[in-house]
Amino acid sequence: MAEPNGSPHRYDLRIYYEDTDAGGIVYYANYLAYAERARAEMLRELGVESSRLMRDNNVVLAVRWCSVDYLRSAVLDDHLVIETSLQRLGGATLEVTQIVRRQEIDLVRIDLKLGCVSLCGGAARLPLAVREKLGGHLNSNRS
Amino acid sequence: MAEPNGSPHRYDLRIYYEDTDAGGIVYYANYLAYAERARAEMLRELGVESSRLMRDNNVVLAVRWCSVDYLRSAVLDDHLVIETSLQRLGGATLEVTQIVRRQEIDLVRIDLKLGCVSLCGGAARLPLAVREKLGGHLNSNRS
Amino acid sequence: MAEPNGSPHRYDLRIYYEDTDAGGIVYYANYLAYAERARAEMLRELGVESSRLMRDNNVVLAVRWCSVDYLRSAVLDDHLVIETSLQRLGGATLEVTQIVRRQEIDLVRIDLKLGCVSLCGGAARLPLAVREKLGGHLNSNRS
Amino acid sequence: MAEPNGSPHRYDLRIYYEDTDAGGIVYYANYLAYAERARAEMLRELGVESSRLMRDNNVVLAVRWCSVDYLRSAVLDDHLVIETSLQRLGGATLEVTQIVRRQEIDLVRIDLKLGCVSLCGGAARLPLAVREKLGGHLNSNRS
């Protein structure tokens, strides 16, 4: 839940065969997919759904940049938690940090910059309602 | 939950961008991944985990055959339920039917035959403990 | 190449980490993705591209049904070939058989029925130009 | 081909439905999978295969960190090229830059640090034969 005081949103995740590779661990690209699931759930709890953003506002939130630190590996049947913190909120962009944990151990840290993009092409401002909903969830202790 | 009387196991699923394609719908191969998640959760509730099967029994449950009927499409942000029914249980094989639903509408029906396979190669018998746990969950009204 | 006499189209494929799972083999759902790549290349060689079908004809070719036999497993670094044969061609549907091979050994056999679907919803007839291009490539020795 | 003078290795790629999402573009996590395909082919041309590294040397090359700049989007049916340059080579690590291009336009830039990891856990030195093969392909004009 995205708490009003800006504490991180938590998303639970189970690791299945589809997530793993022949090295016996979770394939490195998949963490970006999990991170997107976690961001989608954080937004959904604020009342923002991607499909409605496309339909009603003609925009999508696109990742412009990300950086991923792979600290430890996850394996089959692991139960993971992703903590998502909103670090910065601009008129057309947002910055997010996401930590993938198994119990209290950090496995992967992802930092991202997202931009609001018009489906017709080009940057767009964040819809005001989205901006206001996100505004209350800025992380006050930036990591 | 896999009910003792053999009623189907239910697994909940949300559709994210990663699941969809440029046609605006869920990519057809992904339903097989969702089906595997649902089977893994059905087994986990019976106390059977894939990682322990590999480690303790040196076997995996592998799909030998499947048939998929695509009736309707799922789209971004859909909430789906997968109903999994165990149809037949042999010494080394099992047959499963899985229905992907949105609300009460059937979207995809998957029939599968799985076999127990030794990590050293070749077929293997289902571990007795697994067979007994599954035995109580056979579907009595085969569809 | 889709030969004029209806001999199968051949598509080459290499197996990477992303394709494999913790069981050390190619994940079962991925063969459907490879099959789609092979169908796309067969169509591209006939001058039919999915993106143009969407843009110019407002239709997509969607899989309505498939059946998959998993005979043997593929593993990391395997070089595979997919043979695609057009088995039947209707006004709005086509039937295709695809065999995934490693050297001369059959690994997976996929049978599919595809239907032409309007982006506005509902079935649609195959564009005439597509139908004519496909017509010359029907498999004469149906398997 | 990884040229002896250290010019980038080129890998060709086609975009299929499986690669795209409901926003009509390639899903952002997938570029990391393409990058891995390109690195695997660069290594294969030098005579290094991941499956043999695992079997003969008991090691894998794992991504420890990456950074991804998303400059422009790829779409269905695009033909892309990935240029891979080896930037730095240590005893147990390597640094790589990969540029995803459509014709002469840069779409995505990926910087990675990889480490050699023992299948038994823990860091490992790069096998000497691998290190020597890579040594001749260091990029002399670091970008």
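Observations on the model:
Letters A, B, C and D mark the chains as written, and numbering starts fresh at 1 in each.
We adopt the following convention: contacts are C-beta pairs under 8 Å (C-beta built on N, C-alpha and C of every residue); 3 or more make two chains touch, one makes a residue touch a chain.
Please read all numbers here as calculations on a predicted model, not as lab measurements.
For the pairs A-D and A-B, the count of C-beta pairs in contact is higher at A-D.
Using mean Cα coordinates as chain centres, the one most removed from subunit B is D.
Work out the mean CA point of subunit B and of subunit D, and you get 34 Å between them. In whole angstrom, the spacing between the mean C-alpha positions of subunit A and subunit B is 28. In terms of their C-alpha centroids, the spacing between subunit A and subunit D amounts to 25 Å. Residues of subunit A found to touch two or more other chains are 17-18, 22-24, 27, 29, 33, 36, 51, 54, 75-76.
Interface residues of subunit D, counted against subunit A in their complex, comprise 22-24, 27-30, 32-33, 36, 51, 54, 60, 62-70, 73, 119. Across the complex, subunit A is touched by residues 14, 16-18, 33, 36-37, 40-41, 44, 49-52, 54, 75-77 of subunit B.
The residues of subunit C lying in touch with subunit A in their complex are 17-18, 20-25, 27, 29, 75-76.
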